[in-house]
Structure formats: C-alpha cells, structure tokens
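Look at the two complexes coming up: chain A is in both, with chain B in one and chain C in the other.
And then the complex of A and B:
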C-alpha cells in the first residue's frame, strides 16, 4: 500500500501534461470538426471532395502511425515539431476527422423543412446555417462530442511513445528505476486515467440523456 | 531530403512481410472480443445484482482507460502475480478485452431493440431461458448490428500498431527499426500509412455497403 501512496505524487506532473495535451488537442479537434464537417455538406463539390479525402485519410490509418509520421517523417520536409506540438496536432487532426462525422451527421439530421422555411424567408446561406441549422444541429452533436472526448483522453497516452513526459511516460520512468514498483505503477496509472476520465464520462452520460429532452418532434 | 523511390521499393517488402502477423493478431483479438463481449453482455443483464454492477464497473473502467496502459499492465505487471504471457498473447488479450467492452455495448443495443412482445411471446410459449435467447432473441438482435460488429474488425486492425510498445514486430515497429538504422523515417512510416489505407479503405466501403443492404432488408421486414 505504501508503494501506491509513494507513486501518486510522482505521477502528478505527468498528469498535468496529459491534461494539457487533452485540452489543447480537444480545442484543435473541435475547430477541425466544424471546418471539415461544414466542408462535407458544402455546395461546392471540390470542397466536399477535399474534406472527404482528409476525413478518410485520417480515419483509415491509425493514430499512432499519424503521430509517428508527424513527429519522425515531417522533419524530412523541414517541419520539426516538438513532441508536445506533434501530439496535439496528431490528436487534433485524427479526432477532428472523427468528430467531423458527428457534425456532418447532426447537420443532415436537421429536418429539411427548416432549410426550406429559411429559404422561403429569403435568408442567405450563411444566415441559414448560423441562425437555423447549427443551433439545432449543435444539441444533436453534443453526445457524440462527449464520447469522442473520452476517446481523445485515451489517445493522449500515445504521446509517451514520442518521448513526451505525460502520465504514461512518467509511470514508465518510475517502473524502470524500481522494478518492484511494476504492479503499483500500472495500477495507479489506470486509476489516475480513470479519475481524469470520470468527469468526461459523467458529462457524456448527461449529454446523452439531455439530447432527447425538450426537443419538439417535427 | 525528399522522397527516395529506390529506398522505398527496397524496404517495402520488409515492412509488408509483417502482414500475416498483423492479420493474425487482428483476428485473434477480434475472436476474443466477440466472445468476451457476449459474456459481458450476459453478465451485465444477470439477475444476480452484484455481478451485474461489477460487470458494469469493469466495462466503464476498461472503456475509459488507455489501451496502451492496459497493455503495459498485462505485459509488465501481471507477471508479478504469476500470470506471464508472451508479447503476442499479451497484445491479443489486451486488444481483445478492450474492444470486448465496446462490442458488449453493440450487442446490448441489438438486444434492447428487440420488441418486448418477443420476450412475452417466448414466455407464453413456455420456452426455456436458453431457447428464448438462442431461438428468439439473439437471431433478431444480432443481424441488425452486424455492420457495427464488422466495423470493430477494422478498428482493431488499426489499433495493432499499439503493440510496437511491447516490441511486437508489426508494420510500425518494422518501419521504426528501418528508420532508425537508416536515419530515414519518411519512406518507412509513409509506407505503413499507405498499407493501412490500402487494407482498411476497401473494407470500410464493403461494410458501408453491407450496412445499407441490411437496413434495406430489415426496413421492409418491420413494416
């Protein structure tokens, strides 16, 4: 038991990095999701095609491969990211691609009568999207975003493989210096990850429950 | 430094030779997750409440902690309590257990969508529990979720690079080794990405088709 208590404070600096990576990549993923999601429903076929290629590219290969590509292969083109930035960019682009599907699905789920009504009211395309479609689509997206945020947290552990000293990496260092700590270290790692995930889980459950509440059925 | 075709062609067979290992691990982990997922689904529905709650807790815990850390736990920490697995077994088991929690949710959604009348009818016909499950409920619950189940085969396939963390020589590990010994990472890692695209995109299209077809089939039957 003593080992477990010993380990916890030494893991905390790593947990801070993990949360930083999580927040930064969540912000990037959110922006990317809207840009790509709106691109997928654009009226210009070229925009639709480009965003579709982007989404398929990032959904069709694994996150770890993308992370390694950004960290190890991009320097060949003279672009050298720090481990932190490489992690944030890879996570943001990967989960942004997944989240863009949520955005696209939600926009398409808004009844077409809403679009027709706003055309009848002589609204511009941008007005229609901003005032009519997005406010209704946004609440449909929320449960999906909740789930993706948990996936994103799990994905952040991969940055330890490009030597960023996140929670997982800290745990590996402790385990390497004291092999008798092997069991306590990995148990504590799982527990700390779960504690970080807990607010996200509760939020996701809540969003899911609220999603169907108070929405007028067409 | 730019793309070197000669180097790319030279290393391609080396990386691609890991394909059978990757496919083997994917299928192994898929079988584990399919079976264990069903077990978890049943355990969660158990009328023995402690088992049901314990299973629920297990599913939530495994689903929301990183598979990478779970992999380290299985490979490095379990030997401390006498469970020693080689890296392949550890990888297959970890991925299998992780995704079994996802599949149990898929099964659950399928079972929940079977109309209540089916349960009542099975009871009225005096079916035993086993008969009810295997002759009435599961045959209706599973087919609509088959595309979702198939999708997890792809997800698992894309998760296999994770196993490089414990030294399993899959695509990425091979590429990393080649990159380190030649100081050229661009070609090997790009090849790995292309291999994944090449293998997963056609399957994704196939599953998509399957999904549309199954929707069609089940849509008409319901009406």
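And then the complex of A and C:
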C-alpha cells in the first residue's frame, strides 16, 4: 500500500502534461473537425476531394507512425516541432479526421426539409448552414465528440515515445528504476487515466441524453 | 363577387400583359421517369391557381421547380419575364448562378406539407429569422411584422413556444406566417393539409382563405381538398401523367368536366 501512495505524487507532473496535451490536441481536433467536416459537404467537388484524401490518409494510417513522421521525419524538410507541439499536431490531425466524420454525419442527419425551408426563405448557403443546419447538427455531434475525446485521452500515451514526460512516461521511469514497483505503477497508471477520463465519460452520457432535443425529425 | 374585385385590381396593374409566372415546354425527369412532359402554364399577377390530379401527376414537381428546389430537365420557367433557372447573356441562356437564383427567389414563398419549422427556435424567431437576415430588417421591424402576422393566424399567444409544443394545425399556421412576412409575389402551397389530422384541416384552410382575400399575392395551390380548391381558385388545372389534361374556371372543372380522366378522378374523390 505504501508503494501505491509513494508513486502517486511522482506520477502527478506526468498527469499534468497528459491533461495539457489532451486539452491542446482536443482544441486542435475540434477546429480541424469543423473545417474538414464542412469541406466534406462542400458544393465544390475539389474541396470535397481534398478533405476526403486528408481524412482517409489520417484514419487509414497508424497514429504512432504519424507521430514519428511529424517528430522525426519532418525535420528533414526543415520543419522542427518541440515534442509537445509534435504530439499535439499529430493527435489533433488524427482525431480531427475522425471527428470530421462526426461533423459530416451530423450535418447530413439534419432532415432535408430544413434545407428546403431555408431555401424557400431565400437564405444564402452560409446563412442556411450557420442559422439552421449547424445549430441542429451541433446537438447531434456532441455525443460523438464526447466519445472521441475519451479516445483522444487514451491516444495521448503515445507521446511518451517522442520523449514527452507524460503520465505513461513517468510511470515507465518509476518502473525502470525500481522493478518491485512494476505492479503498483501499472495499477496506478490505470487509476489515474480513468480519473482523468471520468468527467469526459459523464459528459458524453449527458450529451447523449440531450442530443435529440431541438432537432427536426425526418 | 370576390372575383370582380380581384379582376378590377389586376386590371389596374400596368404590366397585366406579362404573366407573373410562365412555364414554357418544361420537362422534368427523375432518372428514366418523366414526371413532366412539356408543361405550358401561365400564372397572372394575383391569380389563385389550384393544381389537382392523382399522385404522381407532377403537380408538386411544378411548384418545387419554381421554388428552385428542383431543377427542370428542359424548357424555361420565367418570373416577371425573367428566366428563373437561366441567365440571359446577350441572346444566349446560360445556367443561373446562386446570385441570380437568390434575386428571383425573393419573389417566391412556399409552405410545405410537413411544415419544416425550425425546431431550435421559438415561434417568433421562426418568423423573424429570414426578415432579419435576408431582408435586412431591424429586430424591431421584424418583430412587429411577425407579431402582426402571428396574430392574424391566431397564434399571437404562442410567440415564445417551440414548434414541438404546437399541434400540426398550429405549426402549419406558423409556417404560413413565416412565408408571408417575406412579402413574396407568388406563394406556393404544397399539399399543406395532407399531413394534418382531419379535425385540424379546417383552421389551416381558413387562414389561407383569409389570406387569399386580403392580399394580391398570386397563389399556386397543390391540393386534394376539392371544396377548398373550388372556393379559393380563380382557375383549376387538372394534371395527369405529367401533362395538363384540362383547365378552367372552378365551376366548369367541377360541374362539367370534359375529359373522362377528370370525370373519373372527381368521382373517386366524391365517393371517398
């Protein structure tokens, strides 16, 4: 028991880094999701194609390889990121690609009658999206965003492989320096990750309940 | 007697020669199915025209093409003498761009079978949203116009309610108010009572009747309510298989139908 209590304060700085990576990459993923999600439903086929290539590329390849690319390979092209920034960019682009599918699906889930009514009221394309479609689609998206943010938290552990001292990295250091701590370290890692995830899980459940309010039925 | 009033009004219009809406040899195909086969139809300023016919006869497609929700496969639809789906460049007609469509669309309004109210907005905002953002009215002007219209359709006490709290008949009356505050020159009604419970049909038809009397908006009504069509329309058009089978004054259409198809259609309606 003592071992468990000893470990906790030594894990905390790593937990802080993990939460920072989580928040920063979630913010990036959110922006990317909307840009790419709107791109996927654009009326210009060239925009649809470019965003489709991006989404499939980032969904279809390994996040770990993307991370290595951004951290180890891009410097060869003169682009150098700090470990933190490389982690945030890789996670943001990867999970943003997944989340853009949530955005796209939600936009398409708003019944076509809403689009037709806004055309009949002579709204512009952008007004229709901003005033009518997105406010309804947003409610449909939220549970999906909640789930992806939980996935994203779990994905942050990979940044330990590009020398960022996050929660996982801290745990591995403790375990390496004192092998008798192996069991307590890995138990405490699970516990701390779960504690960070808990608010996200509760939020996602709540959003799921409210998702259908204020959305037109097909 | 309402007729003579209307005729007087329209004869005062300077451009009474030019029809408000004109379909010239308009065709529409969905895949291999030809739902309209060379439609020629004119609607005058302020005229009320009822489109009747069996389902699949193309009547809804006719008004959806005018609302720019459906693109014609061939032919020309004009509004105020200007092609709707085309732009004139010199003598040539080229496909219209969004800017052109928006300009012409401002004269057209539509009420849908399934209301299509905006569920995330209050009743008042449903009616003020387009006047504010599309017409550029101030919030006060838009509110005044909307409240006035909602009072007219008997929903002045529901301003802060949300669509889901209303009955079907009330929703449809809001949808009518929402379209009317945009002051279109022609208003399209697409089977606006078909989705309603029978006991709610009357209140919606009454609102449209009042509207028809009070305004000089042209109206094109796709309907299965024959009494209503007879009551309100200056002209009734019977469609069959994507073509106009017979058209004329409501009395003639309903009392002395000429074509066998129209006779059959009407007898089926009177029997049900």
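Just so it is clear, the second predicted complex is superposed on the first by the 212 of 218 C-alpha atoms of A that agree within 3 Å, B and C clash if a C-alpha of one lies under 4 Å from a C-alpha of the other, contacts with A are read in each partner's own complex, and residues count from 1 in each chain.
To be clear about the criterion, a contact is a pair of C-beta atoms (placed from the backbone, for glycine too) under 8 Å apart; a residue touches a chain by one contact, two chains touch by 3 or more.
These numbers were taken from a predicted model, which means no experiment stands behind them.
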Original post:
Who does A:109 touch here: chain B (first), chain C (second), both, or neither?
Top reply: neither
**OP:** In the overlay, answer first, second, both or neither for which of chain B and chain C A:73 touches.
**Re:** first
Original post:
Now for A:136: first (chain B), second (chain C), both, or neither, which partner does it touch?
Top reply: second
**OP:** Please work out whether A:8 is in contact with chain B alone, chain C alone, both, or neither, and reply first, second, both or neither.
**Re:** neither
Original post:
By residue count, is chain A touched more by chain B or by chain C?
Top reply: B
Original post:
With the two structures laid over each other on chain A, which partner does A:153 touch: chain B (first), chain C (second), both, or neither?
Top reply: first
**OP:** Look at A:64 in the shared chain and tell me whether it touches chain B only, chain C only, both, or neither; answer first, second, both or neither.
**Re:** first
Original post:
Of the partners chain B and chain C, which touch A:27 in the superposed model: first, second, both, neither?
Top reply: neither
**OP:** Mind working out whether A:125 is in touch with chain B, chain C, both or neither, as first, second, both or neither?
**Re:** second
**OP:** Find the residues of chain A that appear in the contact set with chain B and again in the contact set with chain C.
**Re:** none
**OP:** State the interface residues of chain A toward chain B in the complex, per the touch definition above.
**Re:** 56-57, 59-66, 68-69, 72-73, 75-77, 150, 153-158, 160-161, 168, 171-172, 175, 182-183, 185-187, 189-190, 193-194, 197-198, 200-201
Original post:
Can you list the chain A residues touching chain C in their complex?
Top reply: 113-114, 116-117, 119-125, 127, 131-132, 135-136, 139, 214-216
Original post:
So in the complex, which bits of chain C are touching chain A?
Top reply: 67-69, 98, 102, 105-106, 108-110, 112, 114, 116-120, 129-130, 133-134, 162, 178-179, 182
Subject >> chain A contact footprint on chain B (complex, rising order) >> reply: 1-2, 60-61, 63-70, 72-73, 76-77, 80-81, 158-162, 164-165, 171-172, 175-176, 179, 184-186, 189-190, 192-193, 196-197, 200-201, 204
